[in-house]
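Each chain carries a letter (A, B, C and D) given by its place in the written order, and its residues are counted from 1.
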Amino acid sequence: MSRLRVELPGLDLKNPIMPASGCFGFGREYSQFYSLDQLGAIMVKATTHEPRFGNPTPRVAETTSGMLNAIGLQNPGLERVMVEELPWLSKFDVPIIANVAGSTIEDYVTVAEEISTAENVHALELNISCPNVKEGGLAFGTVPETAYEVTKAVKEVSSVPVYVKLSPNVTDIVQMAKVVERAGADGLTMINTLLGMRIDLKTGKPILANGAGGLSGPAIKPVAIRMIHQVSQQVNIPIIGMGGVQSAEDVIEYFLAGASAVAVGTANFVDPFTCPTIIDALPALLDELGVHHISELTGRSWKTEWNLQSSSH
Amino acid sequence: MKQLKTELVSQKEIAASIYEAVVFHKEIDESFQPGQFVHVKTGFGSDPLLRRPISICHVEPSKHELTMIYRAEGKGTKVLAEMVPGVEVDLLGPLGNGFPVEKTMEGETALLVGGGIGVPPLYYLSQELTKRGVNVKHVHGFQTSSVVFYEEKFKAYGPVTITTADGTYGEEGFVTNQLDMNADYLFACGPSPMLKALENYQAKKGVYLSLEQRMGCGIGACLACVCHVQGDETGFAYRKVCSDGPVFQAGEVVL
Amino acid sequence: MSRLRVELPGLDLKNPIMPASGCFGFGREYSQFYSLDQLGAIMVKATTHEPRFGNPTPRVAETTSGMLNAIGLQNPGLERVMVEELPWLSKFDVPIIANVAGSTIEDYVTVAEEISTAENVHALELNISCPNVKEGGLAFGTVPETAYEVTKAVKEVSSVPVYVKLSPNVTDIVQMAKVVERAGADGLTMINTLLGMRIDLKTGKPILANGAGGLSGPAIKPVAIRMIHQVSQQVNIPIIGMGGVQSAEDVIEYFLAGASAVAVGTANFVDPFTCPTIIDALPALLDELGVHHISELTGRSWKTEWNLQSSSH
Amino acid sequence: MKQLKTELVSQKEIAASIYEAVVFHKEIDESFQPGQFVHVKTGFGSDPLLRRPISICHVEPSKHELTMIYRAEGKGTKVLAEMVPGVEVDLLGPLGNGFPVEKTMEGETALLVGGGIGVPPLYYLSQELTKRGVNVKHVHGFQTSSVVFYEEKFKAYGPVTITTADGTYGEEGFVTNQLDMNADYLFACGPSPMLKALENYQAKKGVYLSLEQRMGCGIGACLACVCHVQGDETGFAYRKVCSDGPVFQAGEVVL
């Protein structure tokens, strides 16, 4: 399996496939389907300093080839994550990427500082792009200055590398990426959900109690691919790509665009075995593409050396 | 809880837009309990994307068959209704916690109250209660006569009162006007206003309500389907309809 | 049919359904399927001052429940549109909304000034949001200052009301809407396509020759609904909504969000009869919803008076 | 050009991943010409979204049946391959301009060159040419033996040379090595490198090539499928593959 092995800041991944934050809880439920040892890593649900109940229900709505969610960062809070969830996960041989959220920079700093000390947390994912909370959340991810500040502050306290999760709801994603790189981010994860809404014809009101929510699933994949294609050419830190991934083919498309690893979100709900199925399918697909190691594919869509090489085929 | 690629054995429209589908898989057995549900993939591509939660209406362990009854209304259920015998139906199940059949005892009485497409899970429940010697009565409410189903089937286990909102069949009005007040247990499944109306029913041994909520994962991972816990002062306590429910004792969660 | 009749600046529409710009050419092709008289209006293909060939092919790629296009504003140029296309369309009893594009403000002004004099052109649609041209295009639609300037300049010369077509590829759509309203826009049309990309696994390169393209179709509908919901609460000019409309139900959702009319783009390719089918289906759907006139639905999802009314039901 | 909700009459795999589908609609008649195509909706929801252009392989006006042959490779064609007889297949057609059969005359010779899934439209063409008394020869190139199809069927109209790139069937190599250089007409359909290689073939009366291009509308409205005109100095002249083509005389457009 070494052809799938990927090394990223803080992460030595046996394969580049991991469940995306918020779509896998803290792993307990999916561990009933398969052993979590198989996964490259796990991005666990966002953790905030205090426990949060999140938004009122309905919290999800289906859209054509996508879904909206407005969970609102419900989580048991830092303390219980440290005492119950992360220790439970430590029985698996899989690095954890802790998703950190908050309403103020201090919140982020507090959570990051402590959670990064957990033994199995190998990296942080700074969630500055959650569209579903009133304060903080998306604001951090759409204003370059705040994105810079929160990244820098977290970098100062974190014991592990910090990945920043970018919001697609911006005019200039490259600018955001560069800003957080400058602030010291070790990597990027992208994309978080697009802001969307559905309205119920019968009630005349939005289906989600929260009104708007985050759009995920296959519908958004082309937006993610475009953004990763743009950003990967402009930054020197690796990107974990996500948005609508369902198959090994999708994973390859993300690598070609410029990703170095890939996360699977919504697809877990559709088919709980999506991650292991993709991991199993990748080697044969690499053979078909004539590629030895998956990392060779990162950024091929824009790398000119590869253009030259391939035209001599 | 497993992912089962079942085979659709039969499918028929048993009332207006109400379909009864039977699926087969060798792992369908007595582990499927009344009040639990399955999470069903409808169609083949990404549209519709999410699974649909459907109650277990009946299970025949010996034949490894499971029956679902659903209303073809939105995109997913309409696609499901078009699937023909022989095709694969991908489902996750059994999911959640069902009605506490094991608490009931011979000679006790149970009132089963269903509203619309909340009626199906009560069928399996009624059978299992009857097996234990519980005396079962049914009160089922529907919109109108054309969507009434399974009246005769339920009669095999105990008396059935049907109400229709428009009075076109059975008693006119709502199930709440037809309740026998002396049951040891009340088990109900139906729309949320109906459940709210039943929440304060004084059953001697317990009132159990099956809730509905929009779901993402159906297995407890995404927190789409949570509800508050009654009497919780912190505001943070919650139950997940998919994995803690869908059946809750009245008073446990905020409806 | 008067329950579908809608009056908007410059437009007296027998119904609020019209094909979206670029998805219907200048009407010739679809007129082979049905009489264009049935349509509320027609938004014709973008017109530029000079003829344009557009981008190299492939120009379209399919995505999950969507498509990418990078046509690049191919069109025969102002003169031929004035002499050939618009006169041909004048045999139908249907108002034309002329889509105006350019690389400089002068381009827009030149086209707008002349095309607005055509007898059957009842309104202009200022395309400041085309993602598929190098200069101008999207830039006008993502920078508030330029959006303001081009709108103002065109308003000064146009003989008919001016609708500005907003790009969804911005951080703050409300700001853009307000800016063009301030510049004098008579209405808004939204949304244009989201920027997206697909990469071909075999070649390793983007499928579109242009690289990125504009994402349209059902996949983007929730983004459009969300934006119209936001914008319609903040401006006083009407919105013609578009993005993924396929059915009468979709049209109602757009009205509830805040649209006053709706355009159909990609769906024409999927089913050429989409527009007349929707128009035929609307009256029965209004009956089902207990609504007499379709305009009553505009903005119901956020109108509080309606909240009060409906809760007394 | 119409939208026809046809009925799938039969469907079978005639070579590896190559399917032959026959559809019925009472408006399928002699107006469907060789070289024209139909634009086919595959599946029922929005995924896949766009129609797929498929050449008319054959039409039986008396039976109102149309045959398509396609390779199930991507999402849409795979969905199409799963459709079973009896279901509705929604297609637009006939679309575009086909081969100029009407120009040919009795006793003339025509060389028909097909590559892979470019072979199907030549079958209908070969039949119609033969009807007019044209002498037809065929050269068909395939990747490998498992994907060769319709060899016997074409033989009914004239000699058939098969080439395979890997030499597993017929002659090894490409069609271009097997060309009879004396035909009055050359008609070809296949991948773009093949068409480029044939562009300068010196046929006495004409060389006609059928092009492929990714399409949106398929009817000339969206400008997805354009190509430049050879010798056009302005750079603005264009032809639409869907409505001006897909068949062009060699030299008309830039390949």
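Note that in this section a contact is a pair of C-beta atoms (placed from the backbone, for glycine too) under 8 Å apart; a residue touches a chain by one contact, two chains touch by 3 or more.
Remember, it's a predicted structure, so these values are computed and weren't measured experimentally.
A.B. asks: In how few steps can one go from chain B to chain D if every step must land on a touching chain?
C.D. replies: 1
A.B. asks: Which pair wins on C-beta contacts, A-D or C-D?
C.D. replies: C-D
A.B. asks: Please compute the C-alpha centroid of chain B, do the same for chain C, then give the distance between them in whole Å.
C.D. replies: 45
A.B. asks: Between chain A and chain C, what distance separates the C-alpha centroids? Give it in angstrom.
C.D. replies: 33
A.B. asks: Give, as an integer number of Å, the spacing between the C-alpha centres of chain D and chain C.
C.D. replies: Here the centre of chain D sits 36 Å away from the centre of chain C.
A.B. asks: For chain C, what residues touch not just one other chain but two or more?
C.D. replies: Within chain C, residues 63-66, 218 contact more than one other chain.
A.B. asks: Can you pull out the residues of chain B that are in contact with at least two other chains?
C.D. replies: Only 45-48, 75 qualify.
A.B. asks: What kind of graph do the touching chains make: line, ring, star, complete, other?
C.D. replies: It is complete, because no pair of chains fails to touch.
A.B. asks: Can you list the chain C residues touching chain D in their complex?
C.D. replies: 22-25, 28-30, 32-33, 45, 51-54, 57-67, 69, 71, 74, 76-77, 207, 217-218, 246, 266, 268-273
A.B. asks: Could you pull out which chain D residues touch chain C in their complex?
C.D. replies: That would be residues 1-3, 41, 45-51, 75-76, 90, 92, 213-228, 234-236, 238, 243 of chain D.
A.B. asks: State the interface residues of chain D toward chain B in the complex, per the touch definition above.
C.D. replies: The contact residues of chain D facing chain B are 43-48, 75, 79, 82.
A.B. asks: Contact residues on chain C for chain B in the complex?
C.D. replies: 64-65, 218
A.B. asks: In their complex, what parts of chain A are in touch with chain C?
C.D. replies: Chain A reaches chain C through residues 63-66, 68, 142, 169-171, 194-199, 201-206, 211-212, 215, 218-223, 225-226, 229, 244, 249, 252-253, 256-257, 289, 297, 300-301, 306-307, 310.
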